[in-house]
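Got some structures for you, see below.
Look for chain A in each of the two complexes below; its partner is chain B in the first and chain C in the second.
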Partner chain A sequence: MWIGFSLLMPDCFSLSFLKDLHWCGVCMSVAPPHPHTNTDSFQEELVVRPLHSGDIYASFQFRTVWEADFSRGNKVSHYQLFPKSLGQVISKFSVRELHISFTQGYWRTMQWGQPFLPSPPGAELWVWFQDSVTDVDGTWKELTNVLSGIFCASLNFIDSTNTVQPSAAFKPLGVGNVTDHRFLRYATLPREIVCTENLTPWKKLLPCGSKAGLAVLLKSEKLFHSSFHSQAVHIRPICQDQRCKSTSLELRQTLNAVFDLHTSGQAKREWSLFKMFSRTLTEACPLASSSKIYIDITDNSQGEQFELSPASSLLSQAVVLGDRRTFSVYDLTDQATFGSTRSLNLLIRDMLRPLLHAERYVAGYGLQTGEIHTVMYNHHPYRSFPVLLLDSVPWYLRLYIHTLTVTSKGKENKPSYIHYQPSKDRLRPHLLEMLVQLPPNSATEVTVEFERALLKWTEYTPDPNHGFYVGSSVISSLVPSTVATNTSITQEQPLFSSFFPCKEELSYFVRVYTEPLLVNLPTPDFSMPYNVICLTCTVVAVGYGSLYNLLTRSFQIEEPSPGLAKRIANVIRRMRGVPPL
Partner chain B sequence: HRNLNGAGQFFSSGHTNNWAVLVCTSRFWFNYRHVANTLSVYRSVKRLGIPDSHIVLMLADDMACNHRNPKPATVFSHKNMELNVYGDDVEVDYRGYEVTVENFLRVLTGRLPPSTPRSKRLLSDDRSNILIYLTGHGGNGFLKFQDSEEISNVELADAFEQMWQKRRYNELLFIIDTCQGASMYERFYSPNLMALASSQVGEDSLSHQPDLAIGVHLMDRYTFYLLEFLEDIHPASKTNMNDLFKVCPKSQCVSTPGHRTDLFLRDPGSVLITDFFGSVRKIEITMETINLTDPIKQMEEK
Partner chain C sequence: IYLKIFLLLRRRGKLAALSIAAMVILVGVPLWWKTTQTYRAWLPVAQINELAKLQLQLSADVEVVFARGTATPEQQKKVPVTQTQDEDHAVDEDTTLRYRHETRYRTATVMEEDALKQPTAAEADLSLHRLSESPCGSLVIYVIPESSSLLPENVNVYIGQRRTALLRIGAQMKVGKTLKQLLAHLEPRVKQILQVMSFSHNDITAALSDRVRFSPDNKESIADSMRAFKSSPGYEITFSLLNPDPKSHRLHWDIEGAVQTYIQPLLTKLSPVANFSLDSQILYYAMLGVNPRYDSSRSAYILNADSLAHVINPVEARLGSNAASSNPVLNFLLYVPDAHHSPLYIHDHKKREVQTNAFHSPRWGGIMVYNVNGFYQTGTNFPVDVNINMAKVMGVFLAQLRLLLGVQSTAPPSSFQVAPCGSSGLADWELDRLMWSRSVENVATATTTITSLAQLLDQIGNIVINDNIAQQVSSAVTSLQLAVAELEVGNLGFALQYSKEAILASEKAFFDPSLLHLLYFPDDQKFAIYIPLFLPMCVPILLSLLKIVSEVRQRRREKQAKKD
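Presenting the complex of A and B:
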């Protein structure tokens, strides 16, 4: 689309760079405005944050806001910056909110802090449907099939055996007052692999593709050679302005990556965009209204820890994850920022210790029973806060809920809200949601015993000795913060701090995912059918054959054959005509 | 009136679109070479013009982002890591556990559930030339899928007959690179099928060379020489099938490649490689004028 524009109006294209006006604004003043155009805007942003361990965290966000309203069944046929494939999915399946993420690797909270946008390993999909949908399960199944085609992923394996309807843990992140959790579906595929074939269609959804702007840096060879990599698509309705009379549709495409200091062969802690992505930036996306890079320089306020080159005079402060941090801002829409490659030489000292952190593991021995332990840590010195724990366990691990115990500091800790939905074999998984109050400076352990089920032999995967995955637990909480958070819904906030809506000033929303579990089920020996057939046939042949011979064999007397001398004598006698011996 | 002398040359093959179904049936890291085989054919086919929407690519396991791969997001075909056949722009339609005998046969016959997305369907018609490439571990009369199930040559022949009856192809080229591959095309009985295999019954197809950094064999011999042959083909080349039959003689392949053309109506010497591997658009130039009728008047509302 934008290439077409540049052919039609070449003056427009060059003007926008010379006069530093943004693309859409200049063109609209030249072309006659279409009376029914839905206006949309696009922003892109990259945040680079050096981590305590020497690794570096890069977070891309691409946000398209489209003033279209699908809620009353309006038909939209004109797509500009918003990708058509997603727009058609939203209107066809009456989707209110859609959140899908593909992650490779596990986010190490204690070493890296909290991510801007958390995601569990594998694929995660949760969708709020409009309340006009009558058959939510059928629509959910069709939606997963269509998304599997769009993102080249095996999302068609999402079915009733791994879908749950959480009642409290996944509230809508957009505007709207629908709270009936019958319209919510949540599923994870912890085994899902993420590779270039998932990145390719994701990049094609961007207005500029991977040809201009920040998406130029997204090359798979460097991106997948990282400790953690996560790409996501979030669609939700947002208010158009403070009064919120009408809603717009917001699409955020996010990509988080953590580059490892050691595997990238660095001797000293020196990072540059070229070393991370093997590319440099040459221009902003012409369709973007804002294109910025934020480098976290909070630990370098006097310039003594590291050096940033080329230096930028633009500074910005933002409160994110309960911490006030300072950023050095590079505006890519400003021609003056472009030059040669940037080099970042960094030394990191301190980092705010994350207040909430969780781990999960399987205990026990043998292939019959086991225990799942989930440990949640509250590192705040004097404040306690509640967390909502969501666990979705597949049906073949039969949980014994009567053995569920929650202990903090050695004493029993009774959850104030429990929602448990038992599993049905081959139909639906276990769903356990609990609201637990974590005492200050403590570790709370949730344990539940389970028994492993024996599957039917066709239900095993082709590689059953690898094990079966149990999806990550989700822990959501409003964590108290020492720094006041900005609660207004203005548009000037940087994207990375405005993702989770914040209603209170003194707390911020955090979602922590635990590791997925890998559990071995009792696996039969699949060569047994062949062995059984051979053994049975042998036994039948030997047994039946012997019996048959015994019953039907009859004996006849036979003359023994004469010796050689006698045979020669018989021949001579026959020649003489004399009867033989 | 139309001058048909030049136009007759365009339609000598009778196909208007090209499809490709490329399947790798092996799982596990030591079967890296089967994925590399399939991706190199994918690469050639894309380079010669068939778009992703007309390619159904099925890979039973992920090698590029496998944790054992020392160079993530790459799949190499040659030991000096010259050619990354995975590339930056790849769309895998069926991956991992989705590659099963059932899904493969459903793709061929078109009997898929209604919610299957377009990228996972073989939407061919009676004017489509289809290239089908299979690789993996096989034996006399069967091909193993993911080490847990198998497809027999009878099933495959019946699937092709279903395709013929439903007019889902114009001509079909079947290439198989497995041990005893020739047994898989023995049972074909539908018209317009041409088949190539990397080895005869009783012979094993061998792999080409290992790479010490990656630690596994990178490609099979037959597909390695097939890739070399295809790298010389460009969309306008006039090379025909007889050259394809000569790829990888016994001296290079150690096994004897075989082919079968008795069911094919045209002479293989007149069939271009690009009829199956490329996507050459046929344009018909006409000098006729067509009169558009007057627009239909809107009916008056009562």
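Presenting the complex of A and C:
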């Protein structure tokens, strides 16, 4: 809180003090401070890809590399380009890798193809801790609370009931050889709603903020008026050089949006940066070592589909998700890019069908039992490939694991690896991981029955009739590629194609998220407790009252009352002093 | 026979009604009371009430050492003597203060005499320090002869870097012959030294501000008392370099080295008072909230003192709170104005340029403006590489840090000479003064917290008091009692330690989330739930009891009537 201020007056005391200080510096012959070896670098990138559905996909990536080694327990506290708030979190909680994403809307794989970086609807957080952490659960709890403060999100609702430790599906993406899944925590909040208040702190992490460079385009009013919005932060250790003797910390901030310009009232098939973001670019972030815009022109090599203006002579080819794509590149660090016009207009259609695709739904009727169906599609014409399916189901859906069936093309398909961890009521969710082989050109269906549990009345959400969310299934796979991939990671590669490390040349790594489920649980009438109290009390009171009457009342035979004549006679007799009749 | 049976039945009914009523009262009510009671652990209420009335006694040991030639042989025979001086202050009806100075007079040892023969006062101070290290909170005053060459002509008192002072004895005829006269002559001067080097009443009352409401005499003292941060077990110090114009300036600052050289020694010295953690960051495109005025006569931009209040708020949004701890943050910002608003100078209320080009905000931090015009040359290409002179910057920040941490700088009388503080930037006696006021402040804060917690728990009967809260409260009370006791004996280090523990435990108890659980579950709602059961059960019991009572009364009246 601001109270007031006062000037630092150089009074005689502080003057003498300052002099003295200089004296110290000179006479004590302090060893010269070691030169700065830590250098940070920053890159920014925007990929625009027209989708065959008529929508347009814009993907931002910002990459800050910090050449500081955390792994040996070094205390690093001087920040340049790397945001201080995240750096403090990483060093305090001994985080090795942190991946957090906030997504509004569902990525329609069948219509849009694969995203560069997949994310499930809602919030997703997965963290690998250093192996020096002893109380992983406690640290995880604290970390989620701190992150919820940093990103203004309800991550503090992550607790043991929605946290799992996947054994196979989530491997570290950075360098390092710790794969003991005791140090991994994974949680999703499918209900989380993403909005401006999450975008502002995310933008604050960028060195240039939203003042310069590509981040100028990130205007929340337009970004949230889109069919799909996803923002993420990925922190992982990477090699500093080819020999990988020391590691640096990489912070990747990604933001993906799918704009549906048909619904926004512009019937013309014409796109421009200004129409999408209501801003144009004027400069690169002066701190960025590279600042580029890539436009996917693979289907437009002859210029038959759309026209780019201003045209760029720079072309680049990159293998993304098993497909060789051609991009038109605009380098923002080059002043020539900002010629007379500063906007890009483009049109396009058609693209590849994704090889791997999945969907999920709840079947059954009534409020007692149900069945979860997960359908995974392999659209490859002749190759089969294995996928890892990860399912985390809350405890209030009691899975009957004996009813688990996996069928492909009408035949049973036996998973080669199953890791199942049953739930504990109010403590932890079910965790199901399976390695399933998907035959070529097929749909594989995984079904499991469940029973809905009755919750305690305080455990219901404020709007229980809306239903309860079950997080997306995660399907991770190495999909056979039709194009050879370059496995050595070099600096020249665009950011969007270099996130997932590739081990084999003929396949690429894909992670697919299914829809989150919305399941109705039996919901009581919440005024019922009071009604029950009243009713029970009334019954008890009636029973008690009659018993009480029986015990305390005395019964006697009532003598028939004498007639009127007799009563009058008695009155007269009493007056005369004669005993009554 | 009918009558007999009738009477028997009536008596049985009465007995049944009475026994049911007895059952309800003896078993039902206690059972209901027991099962619906909130759990409240025992709290040391009596001790807390005792603490509400705070009687603090601060004791400091003072040694006055006579060097050769300052006391006559007759006087020397009578020493060592010990004198105790008490000074009582009633701050308000609940708080009383007593300052006790135990002064011990003795003659100097041979080694001390040797040390005093050094050519300069600073060297004498150092060699006296090597001889014996006086404990925290105590003082040694060496009385040196009038003719001593240690001090310059017009200086009577030299205050060293440690816990020693040199005092020049006055002219012989003023001093007097007997020891009594000598001591009477020295007393006011010793008192003056104590005012500077040890706790003063002003500091202590300022430290009590949490407990006692003051009406300070003037604005100056309000500003003084509000400048320093509140006592806390830890502080986060953040240095931020604000570069609003990365296109024109490429700034390099060697913060790591500067912190090691300038700030760390001070913090190491202050480590008994609090834990400090240091970090730094560079913020780009961070602007000040006000537009500086252009002064064409000086071709410079001017930031007026009146507008400084609006500078911080917009910057603060970018600074980011510390995610990893809840300690107070001291912010130090180095602002390099953009090329179009440069040079930028800060003007004070009298429209004069502030020499350091810096200002500080109480309990928040400091801002320094660093102009880089010197690096612009005709025809230079932007961006300009700028190496920041960290010695200049850190000098200002260090002075601000001392102010914000509450290191008091009272102006000593003119005849005093204060030794320049050494490489650590803080003299031992300054640390002692800080520790005195911090201990008192911690004790004051912890007592207020604990008493208000006890009051709250007393007022709202619904709050559950768990065992861990009771334990925190009792440990806070114990630490408080220990801290007060240690202050009384003059063990400053222990007193500060215990007062810190007390504050931690009391805050932990006060902010425990379990205290909030039943705060808003009012009694009327509870009884609304009980009424459907209690009303139908109690009405027949009450009615039959009334009936029995009225019958008994009637029978007694009849008996009376019969007797009459």
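The rule is simple: the second predicted complex is superposed on the first by the 482 of 581 C-alpha atoms of A that agree within 3 Å, B and C clash if a C-alpha of one lies under 4 Å from a C-alpha of the other, contacts with A are read in each partner's own complex, and residues count from 1 in each chain.
Just so it is clear, contacts are C-beta pairs under 8 Å (C-beta built on N, C-alpha and C of every residue); 3 or more make two chains touch, one makes a residue touch a chain.
This is a predicted model, so every value here is computed, not measured.
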item: Touching partner for A:A212 - first (chain B), second (chain C), both, neither; value: second
item: Chain A residues touched by each partner, larger count belonging to chain B or chain C; value: C
item: First, second, both or neither for A:G149, with chain B first and chain C second; value: both
item: Partner chain(s) touched by A:W66 [first = chain B, second = chain C, both, neither]; value: neither
item: Touched partner set for A:V540, first chain B, second chain C, both or neither; value: second
item: Partner chain(s) touched by A:Y396 [first = chain B, second = chain C, both, neither]; value: neither
item: Touched partner set for A:E197, first chain B, second chain C, both or neither; value: first
item: Chain A residues contacted in one complex by chain B, in the other by chain C; value: 146, 149-150
item: Partner chain A, residues of chain B touching it in the complex; value: 27-28, 62, 64-65, 71-74, 86-93, 95-98, 113, 115-120, 146-149
item: Complex interface listing, chain A residues touching chain C; value: 2-10, 13-14, 16-22, 24-25, 28, 30, 32-34, 36, 77-81, 83-85, 88-89, 91-93, 146, 149-150, 204, 207-209, 211-212, 283, 286-287, 530, 533-534, 537-538, 540-542, 544-545, 548-549, 551-557
item: Of chain C, residues touching chain A in the complex; value: 2, 5-6, 9-10, 12-14, 16-17, 20, 223, 226-227, 238, 246-247, 252, 254-258, 260-262, 277-282, 284-285, 305, 308-309, 312-313, 318, 320-325, 346, 348-349, 354-356, 358-364, 366, 383, 391, 394-396, 398-400, 403, 409, 411, 420-423, 425, 529, 532-533, 535-537, 540-541, 544
item: Footprint of chain B on chain A - complex, ascending; value: 104, 141-142, 145-146, 148-150, 152-154, 156-157, 191, 193-197, 200-201, 219-221, 223-225, 461-463, 526
